[in-house]
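What follows is chain A paired twice: with chain B in the first complex and chain C in the second.
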Partner chain A sequence: MALIIDTLPGLAEKIPGGQVLVTSLDWLLNWSRANSLWPLSFGTKCCAIEMLMATGASHQDLSRFGAEVARNTPRQADVMVIAGAIVKKMAPRMRMLYEQMAEPRWVMATGSCAISGGPFMYNSYHIVRGADEVVPVDVYVPGCPPRPEAFFWGLLTLQRMIRRGETVRAPGVRRKPVLSALPQGIAVQDIRAEIHAALEAENVVDVENAAAASPWHGKLRQWMATNLYKP
Partner chain B sequence: MTALASGIERREKVNRPAVRVPAERLLEVAARLRDDPALAFDMLVDHAAIDWHAENRFELFYHLFSTAHGHALTLTAFVPRDAPVVPTVSRIWPVAEWQEREAYDLMGILYDEHPDLRRLFLEDDWQGFPLRKDYRDPDMLEFQK
Partner chain C sequence: MTVNVKTLNDIIAPPGAAASALATEEYFVNMGPQHPIAHGSLRLVVRLDGETVREVIPVPGFVHRGIEKMAEHLSWRQLIHLTDRTDYLSALMNNWAVARTIEQAAGLATNDRIETVRTIVAELQRLQSHALWWGVLGMDLGAFTPFLYGFREREVISEIFEDTIGARLTMNYIQPGGLMYDIHPDFAQKTKRVLAYLKPKIDEYGTLLSGNVILQERLRNIGVLPAARAIALGCTGPVLRASGVPCDLRKVEPYGVYASAEFDVPVGSKGDCWDRYCVRIEEMRQSIRIVEQLIDHIPEGPHTTVKFGARIKVPEGIHYGQIETARGILGVTIVAGGKADAPYRLHFRSPNFNNLWAVTELARGWRIADIIAIQSTLDLVVPDIDR
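Presenting the complex of A and B:
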């Protein structure tokens, strides 16, 4: 993977129209990253029972989203789900786990305690007020604890973010954190429809129009007109 | 028995048998409670401290249970807040070693002749004893007014 990222864009820049290939490679990499998130088995409090055990079990079926391969070592994990409050003694350990994860890596903070300290916000000597004081957080999922549906909504938000965000040309560029609150009145059918629409949209690639919509399209036409189509 | 009973106060209006002893006689009473075959309190169920801040003293409690007879007893003792020193009972009930470490960690009770009086839950460089009523922390927002 590192070989492709390091060499292929540089090679492709020299070929006319090669940037189409790079863009497609971006799209392919982001698509594959979004659909093969490997979470870290890391639960600090009661949210972990909902987030990692209930959703990982067969009834909720986390593997629908390609995120069921929970790893026990941070070196093999992509996404860290902070499920629960972080005590001050845990904070340096959590930072070390985060720094051991390979880039690209993402962090989801689920539950009130991981977002702000929750009920331990006041008059507490041992809880970190929000996990984002220790590690950068990409997606916040509110709830106490969030239902598995809300967690899936946050996971879909993260996948959407990965698909639109980080590219092979700008690795490590982060978007702002997203508050992924599940809106009121959303049923399972709506989520299914959204997944279906997302899959449908991803399976149709209009290369011509995608290239025409890009900012370098005019330059490419100009280059081709001056260099290739000389009478 | 009469020599033992001097200074020991029997507490009424509690839902289990309870006695209060002076802190300096704690060790003697605890050894007798374990070794007397009629009492045989061979199990220390729980030990912790209560901070009576207005009275300027800590109350230590020892919940005892006898696996031989099936009876229970609560032993309590007061120590002053500015010098909270009591003898350790970890030689009588070895389980008290970690329970006393917890009480030291969170309340700052000092146990005389304890084999290993270190912090149990908090970091080694933690300042202060957080379960005391007058504990203050920069993260405690309600005290920043």
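Presenting the complex of A and C:
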């Protein structure tokens, strides 16, 4: 009993002949959900070896965190670990897998390919620049591939979020830190438009001139030149 | 001249009556792209009659990232890191294949230290790759325990790589003209410790899985690939050697310091799944043998002969180089010229792509469960097929 009181958010009331645990149902549900995550074994590329296989095997042992029961069908899984690059041919399939998962469901994007396209972001024609263009992602784990320890930290972060009741789909509850402020004179729309133009331009590969013509000559580049490199 | 292209629509119209006396109907089953046997994202369209496989049509392309196209925008040294991400289980051999082709084309010389270290790390990775394959084969066939043992061995070898290379999977270590870093001072000692640990473990595999009657029943005489068909399909590596063709580039066309090392090429007799299994197990023993001979004799010298930042000039023309990776022959074709510092065109002849099409012949006529055994013993890495 003492073990449960230590980790379960609740209150133990002493009554004659034992104790009664007072807690809220939400707390109890979130606590139990966080500690029995079943990952979907969905790996497309190198990260699958490190994220899903090496962590689940001996030495690293994912079962320490209660998430070792990898399921091959999305209908039995809680958390989808996107391990590897998502290409345009795979993207609809990944969305379908996500839709098949039962609520509540969470998504972890591990590795730079799943976060942003990674090493395949530039000069490529077939990659989805970030899995979050296709499915909502809760936790990002950077690395190429991330170390198993990094994956564990990402999993612990997800568990903490679940215990607090935060998810991507409940944004009002989510306390996401603002990482950086934008430089003055540049709006988010400018950057979006610039990225959009760059991605559009990269879809058409000009074999002879692609290396020479860099798409990053917008406002951000100018701002960096005037502000950052000033003597 | 006309070429008849067989599409999926042609196959959906069934050609003939089923062989069985029962009134059966042919149907299709999609294995993948999300399927535990795919080891990545590979779709197999299986035409079935009852449980008998009539035809297997592989549909690759779910991990196609256009690596060959991307390489045209990168310089000779930069494109090495992309090769890690094709066949990630033989990342060092992929590095070496491209580096060796560039060295041969540009006339860069290496020294004995570089070649010896390259050979040792490549053999360690072959060992690691086969250990992983062995574990995953057990898991595919329904035994989860070998998976844990295979990864236990993989982790000890990973520690050597972490010391010297600083990476566990994507190495980016072998560069044109040398190595990225010199080896860790503890490299030789640690490798010897690991080898002494691994040697009895290979025999342990025999008692744990190889002697198991269920495994033998599922592998013996299943998916027989005759030598002539293996050559016609372009299969290489353990798949070809299991069919009885002793073709190993390390012996036939030695590179690195393989010529000075003493080792045998294991060859199968029949070409069934069991032969492919045994060939890989024996290759692990041979890899240990090669590393043991070389580890005490790493010559002194610089770890690279090309200064970092120096431009590598490859003369115009088509250059080809090949290397035996853990899965077969990786050939690299480079078309140089047009641009100063980057390839005009790069093409990989990847072993997995050719080995994949063996499944279309091997699985025909067998049960659907045998596809699992056949796929697993072909040991495919899907990102290398799609690139």
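Some points to look at:
The definition used in the following text is that the second predicted complex is superposed on the first by the 142 of 231 C-alpha atoms of A that agree within 3 Å, B and C clash if a C-alpha of one lies under 4 Å from a C-alpha of the other, contacts with A are read in each partner's own complex, and residues count from 1 in each chain.
In this text, a contact is a pair of C-beta atoms (placed from the backbone, for glycine too) under 8 Å apart; a residue touches a chain by one contact, two chains touch by 3 or more.
Every value quoted in this text rests on a predicted model; they were computed, and no experiment measured them.
In the superposition on chain A, A:89 contacts both chain B and chain C. Once the two complexes are laid over each other on the shared chain, residue contacts for A:48 go to chain C alone; chain B is not touched.
In the superposition on chain A, A:105 contacts neither chain B nor chain C. Taking chain A as the reference, the larger set of touched residues comes from C, when chain B and chain C are compared.
By the touch criterion defined above, A:125 lies against chain B and chain C together after alignment on the C-alpha atoms of chain A. Legend: residue contacts after superposition of the two complexes on their common chain; A:57 is shown touching chain C, with no touch to chain B. Across the two superposed structures, the residue set of chain A contacted by chain B and also by chain C is 89, 122-126.
Contact residues of chain B toward chain A in the complex are 121-123, 130, 135, 137, 139-142. By the touch criterion stated above, chain A contacts chain C in their complex at residues 41-46, 48-50, 53-54, 57-60, 72, 74, 84-85, 87, 89-90, 93, 97, 119-120, 122-127, 144-145, 147, 205, 207, 210-211.
Put simply, chain C touches chain A in their complex at residues 33-36, 40-41, 61-67, 69-70, 72-73, 81-82, 84-85, 88-89, 132, 135-136, 147-152, 154-155, 168-170, 339, 342, 383.
Within the complex formed with chain B, the residues of chain A that make contact are 88-89, 121-126, 129.
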